[in-house]
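Once you scroll down, you'll see the structures, which are given as C-alpha cells.
In what comes next, subunit A is part of two complexes: it sits with subunit B in the first one and with subunit C in the second one.
What follows is the complex of A and B.
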C-alpha cells in the first residue's frame, strides 16, 4: 500500500517535473529568444493626410531605404527595426500626443520627427520630457538646434537649415548680380514666418556680398493663394532686374505657371530657391529655362555614382522621384542606425553619445560624407548648390557647389548676433 | 434642497478624484495618464461651451478664442514672467474674464447666426494676432522653448503622476463648479431665457446681462481647458486658437449631447478615443469621423447621452404607466424632466 503510494508519488513527481520542463521549453526558452529578437521600435509622427500628405510618404520612404538595408544585414544582434508611422494631421498637439503614445504605449525607443516646424518643436518637448532620442528630419528652422536654451542632449537634426540655405543663396545670387549688374531686386514670398524670415536672411546676405543691391519692392502673397495676378502685376509694374522667391509646394507651381503666362521670367533674373525638387520640377507645366534655384534634391548633384544609384534605387522601389524630405529622412535614419551599431544598444544616453559628432558616408555629402556636428547636434557638410533650370530631365545640368567655409564663417557670426553662442 | 444636492455632488466629485488618484496604481500606463490629461483639457472646454449652447441657447462658433487665449496667456506668463503656476492660472483667468466681458458685451445682444459668426470673427482675430505677433508668440511655429513647471505647494508638475493628478483634479473641480452653476437659480434663469427670452424679459430678467454672465463664465472655464493643454504639450500653438478647435468642441457636444450635463464630457471621451483608435488604423481619419458623425446625426438624431437619458425616462414612464393601466386608475401627475436638467 505504502509502496504503491510511493510509486504514485514518484510518478506524480515525474509528471510534474516533466510538465515543468515542457512548460519551460515551450514558454521559457522562446521567451528568452523573443526578448533577444524583440524588434527595435521607432516611432514616426508625420503628416499623412491633407494637402501636405507627401511629407509623410516621402519621409517614410526615405527611412525605409536605410531600415531595409539594416534589417537585411541582420539588425542589431538579430533585433530588427520596426518603423511605426502615425498621422499627426499637421497638428502640433497631435504630434505631441502621438509621440508620447508611441513611446509610452507602443514601446518605441526612438522617435523620428518628420513633421512641420511647429510639430517639430512639440516633439522636441516630448523628447526632453521622456528622455528618448529624437532625430528631427524635416524642419529647417535654425533656432531649433542653434538656440542653446532649446537644446536637448538626446535631440538631433538631420535636415537642411534655413541659415545655411540663406547664406548659400546670398553668396550665389550676389555673384550673378555682380556679373550681370543686377542692383534692383524684388522679393515675392509667402506671408508667414518661414517666408518672411527666409527672405530677410537672403536679402541680408545678398547685401553682405554685394552691398550695391537695392530692394525696390516686396510682395507677400498669402499661403495657399490660388491666384497670383495681383502679385505678378505689381512685380511687372516695379520692373526690377531680379526677383527672389521662397514660395514652395503647390504655391510655387501655381506661381511659376502663372508667371509664364505674363512672360515674367524673360523680363528679370529669378531666384526661386525651392524649384529644384522633383515634385516641383515635374509638376510645373512648362518649366522655364534659366530659373536659378538651390538643389532641394537632385540625383545629379552631388555628381557621384552613389547619389545617382540611390536615386535610381529609390525610383525603382517606390515608383516615384525622391525629394528633399526623402534624402533628409534617409540621412537621419542612417545616423540612428550607425549610432545603434556603434553603441551596441538603443539606450538613449549611450546612443546620443555615439551619434554626437559622428561622420558617416553619404551620397548627399559634399565629399561623400556628412557630419552630425557635436556642438549643436545638427547636420553639416551636406551638398548645397545653385544652378539654372532647363525644361527637361536632368532639369538642372550644371550646379555650382557653395563653399561650406563661407557658410560656417557667416553662421558663426549669425549665432553671435542672436546670442546663440 | 439645493445645499443637499451640492453636498451630494461634492461627495461624487471626491469619489471621482479618489478613483482618478488610484487608477495609475491599478492600471499603470502613461498612455492612460496622457488620455486623462487631454480629456481634462477638452472635457472642461466642451462642457464650458455647453453652458452657452445647451443652457443659454447661445450657439458660439468662436469658443476656441478662450482655449487659445488660455493656452497662450498661461504659457507666456510662465515663460516671460517666471511666476508660480497658481499666479499664472489666476492671471490667465482674469484676462479671459476681461476679454469675455468685452467680446460678450458686443456679441450677446445679437441673435443666433449673427452671434455665432461674430464670436468666430473674434476667435480668428486672436488667431491672426498670434500669427502676426511673431516676436512674442512665435508666429505660426508656436510658442517654443517649453513651459516651465516650478513646484508649488508640494506639487511638482514635472513629475508625470503629479501632472496627471493635477489635471484630473482640475477636471473634477471644474465640472463640479459648472454643475453647481447650472443647478443654481442662475442656471434655471438661463434655461428660461433659452426657451423663451420674451417671457423672461416680462418677468423682469435682464436677458443680455444673464447672457453676458454666462458668456464670461464659459470663457473663464474655456481658458482653463487651454491652460491644461498648454501644460500637456509644454507650449502653445496657433492651432489652439483656430476655428477648428471650436469645431472639435461642437463635435464633442453633438456626439455626447447637449441636454445632459455630462454629455459634452462623454462626447470628449468618444471623440478622443475615436481619434486615437482611427489614427492607429487608417490615414483617412476625416472620412471615418465624418461617417460616425453622420450616423449620430441621421441615426440617433441626438447626442449619445441625450439618447440614453431619453431611453431611461421612457423606461421609467412605461414602468409607471403599466401598473396604472392594469389598475385602471387615474395617474398622479409625473414630474417631466426638462431638457438641460
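What follows is the complex of A and C.
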C-alpha cells in the first residue's frame, strides 16, 4: 500500500469522523439533552368525581407537597416530575383501564395508586403485568401486601394497614374497657368489606386483650345510608356499655349528628375509629366530647415541630386541612422520590430495589422516621395513637401512642394464622 | 334473621314506642319527597328521576341561608321557595320539551340534569360533605314516653310534616285548584277544552313538588350529611313509596312512606341483614295484589 493512498485514506477517515461528529453534534447532543430534560411522568389513577371526590383532591395535594420540593431542587439531573391524575370515578375497571393508558399512551414510568381498595387491587394487577413501580397510597386492606400470592416485586404500600389499626384499636379499647368494666359491646359499621373486616379484627383483638368482653349486638347500616334512626334506636334498645364503629366520611358525620340528638354518646363509651381526621372534626358542628378515636391525621400527633409545620404549610398552600389521604400520599411520594435519587434512574427494577427496606425522615413517623419494610414492601413505624375528642381545636388534645412492638408481635401471629408467611 | 329480638320488641312498650317513632321519622321526610314524585307522575305522567336533586338543592340552600342569617326558620322557608322556583324553571325550560316522549327519553333528560346539578353543587359548595349542625333551639335532651326515646327535633319534624300532609290532602281533594289538578291527571284534553291552561297546571305541580322536596332537604339538613349526590337514595325510596301508595295520591304517599319507615325500623331488629330487601318485598306484594297501589285509581 503506497504512502499516498494511506494519506488519502487518513483524509477520508478524518472527513468521515468529522462528518459523524458534526452529525452527532447537530442531531445527537440535542437528543441526549432532550432525554435528560424529559419529564419523569407519574400516572395517578384516583377518584375525582362523585361522593368520594375528596379522595382525589387530598391525595393529589399530598403528592404535590413533595413533588414541588423535588422539582425546585432540580429534579433528577434536570428531569422534573410531572404528575398526571386521571378520574377513575371509583370504578375498579376504570382504574385498570386508566393505569394501562397512563403507562402505554401517556408514557408514565411510575404509578401512584390513590384509589379505594377495590381499585387498588385492579391497579396492582396492571403494575404486575406491565412491570412498572406502583405505590399504593390509600388502600388499608392488609392482604394486598401481606398475602405472598399477591406480591409484586415493584409494588409498595405507603398507607396505614387495617391489621395495624385493629391491633392498636383493640389494645387501646381493652385498656379502657378493663378500667371501666365495659363488658357489653355493640358494633355499628358500614355493611361492606371494609366495615366487616375492620369490625371483625377489632373485636378479635379487643377480646385478645380483654377476654371478658361480650358482643351483644351488631348493626350494619348500608354504605351512604342517609338515615341512621333505625340503627340508633336498635342500639338504644340493646343498651350496651360500649360501641365500636368504623363508619367514615359523610356517613360518620350524619351518624354523629343523629346520635347526638338521641343522647347516645352519654349512654355508652363510643370508639369511633375514624373521627379524628380534620374532614370529620371540622364538619361536625356539635362535636361531642369524649368520643374515642384513632388519629387518622392530626397536626398535633406526633407532637413534633416537623408535623405541625407540614400541616401549616399544607393549609397555607391549599387553604384546607390535611387529612389521612394527604399524609399517606405525601409519604408514598417521598419514598418514590428518595428512591429515584438513590437509584439515579426510574428503571423499575433498580428503583424498586432502592425503595425496598428504605427508611426516610417523616413528620408522620413515631420517631421522625418511617420505613418501607423489606419483607412485605409496606409502610411501618407510622404514628398510631388513640385519644378522646373535645368540641374545639385541637379536637383531640391527648393522644396515647400505641406501641409498635405489640403491633409487630400480633401482626406476625395474624400472618401465620392466615398462612401469609 | 333475629325473630326472638323482634318478638321481645313487639312485647315491650318502650321498644314499640321507640321503633314506631323511628318509623315515623324515616317516613315523614320520605313523604315530602315522595308526595312530589307521586303528584308529578300522577298528573304529568313524567318519571321525575331528578326529584332527588331538588331535595339536595334544598339541603344546600338551607346550609347557605342558615350560615348567612343564623335563622333556621328563614333557611327552611328560603329552601322551599328557592327549590319550588327551580322546579318551575325545570318544568318550563327542560322537562316540558319531552312531554309525551318515551319514558326512556324523560329518564335520559332527568339523568342529565342530575349530573349537571351534582357537579354544580361541587363547584359552588365544594366536593367534600358538609354538615349543618343542629340549631340551638333543638339542642335539648330527648323526650321519654313510656321508656321510648324521641328527640325534640324529630318530634317537630313529625308534627310539621303531618300538618303539611293534611293541608296538602285537603288542597287536592277539597279546593277548586285541587279538582283541576285531579282532572288534568285523568283527562288533560277535556280540561284544556274547558278553557283551563293545562300548561300552567303542569308548571304549578312542579312548583309544588319542588317546594316539598326543598322542604324535605331543609328539614334533613341538620341530621344528614350534605353532599353531592345525596338525593339518589331518597329518590329510589320515593319511587318505591309511589308504587306502594299509588300514583298521584297524597294519602297513598303518606301511607306508603309510613309503611317503609315502619318496615325499616322494625325490620332492622328482626331482619338486620334484609331490611332493604323487605322494602322491595313489600313493593312486590302490593304490585301483585293491587298493581295500581294501595290508593291508586284502577285504570
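The rule is short, and it goes like this: the second predicted complex is superposed on the first by the 390 of 421 C-alpha atoms of A that agree within 3 Å, B and C clash if a C-alpha of one lies under 4 Å from a C-alpha of the other, contacts with A are read in each partner's own complex, and residues count from 1 in each chain.
Assume contacts are C-beta pairs under 8 Å (C-beta built on N, C-alpha and C of every residue); 3 or more make two chains touch, one makes a residue touch a chain.
All values derive from a computational prediction rather than experimental measurement.
Participant: After the match on subunit A, would you call subunit B and subunit C a fit or a clash?
Facilitator: Here the two partners, once superposed via subunit A, fit next to each other without clashing.
Participant: Kindly classify A:150 by the partners it touches after superposition: subunit B alone (first), subunit C alone (second), both, or neither?
Facilitator: first
Participant: Looking at A:118, would you say it contacts subunit B, subunit C, both, or neither? Reply first, second, both or neither.
Facilitator: First partner only, subunit B.
Participant: A:235 in the overlay: touching subunit B, subunit C, both, or neither? Say first, second, both or neither.
Facilitator: In the superposition, A:235 touches no partner, neither subunit B nor subunit C.
Participant: Is A:370 contacted by the first partner subunit B, the second partner subunit C, both or neither?
Facilitator: Neither: A:370 stays clear of subunit B and subunit C.
Participant: Answer with first, second, both or neither: which of subunit B and subunit C does A:91 touch in the superposed model?
Facilitator: first
Participant: Applying the touch criterion given at the start, work out whether A:224 contacts subunit B, subunit C, both or neither, answering first, second, both or neither.
Facilitator: second
Participant: Using the touch definition from the top, say if A:40 reaches subunit B (first), subunit C (second), both or neither.
Facilitator: neither
Participant: So, A:129: does it touch subunit B (first), subunit C (second), both, or neither?
Facilitator: A:129 sits against subunit B, while subunit C stays out of touch.
Participant: Quick check: superposed on A, how many Å separate the nearest Cα atoms of subunit B and subunit C?
Facilitator: Taking the overlay as described at the top, subunit B lies 5 Å from subunit C at its nearest C-alpha.
Participant: Where on subunit A do the contacts from subunit B and from subunit C line up?
Facilitator: Residues 49, 53 of subunit A touch both subunit B and subunit C.
Participant: Using the touch definition up top, name the residues of subunit A that touch subunit C in the complex.
Facilitator: These residues of subunit A touch subunit C: 49-51, 53-54, 57, 191, 218-220, 222, 224-227, 229-234, 236-237, 249-251, 253-254, 257-258, 260-263, 279, 283-286.
Participant: Residues of subunit C touching subunit A in their complex?
Facilitator: Result: residues 9, 14-15, 18-19, 22, 25-26, 29, 119, 122, 127-134, 138-139, 141-142, 149, 151-154, 220, 222-225, 227-230, 233-234, 264-265, 267-269, 272-273, 275-276 of subunit C touch subunit A.
Participant: Taking the touch rule as given, give the residues of subunit B at its contact with subunit A in the complex, in rising order.
Facilitator: 29-31, 34, 38, 131, 134, 138-142, 144-146, 229, 232-235, 237-240, 275-276, 279-280, 283-286
Participant: Per the contact definition, I'd like the list of subunit A residues that touch subunit B in the complex.
Facilitator: By the definition above, subunit A touches subunit B via 48-49, 53, 56, 86-87, 89, 91-94, 96-98, 100-101, 103-105, 117-118, 121-122, 124-125, 128-129, 141, 143-144, 147, 149-150, 192-194, 196.
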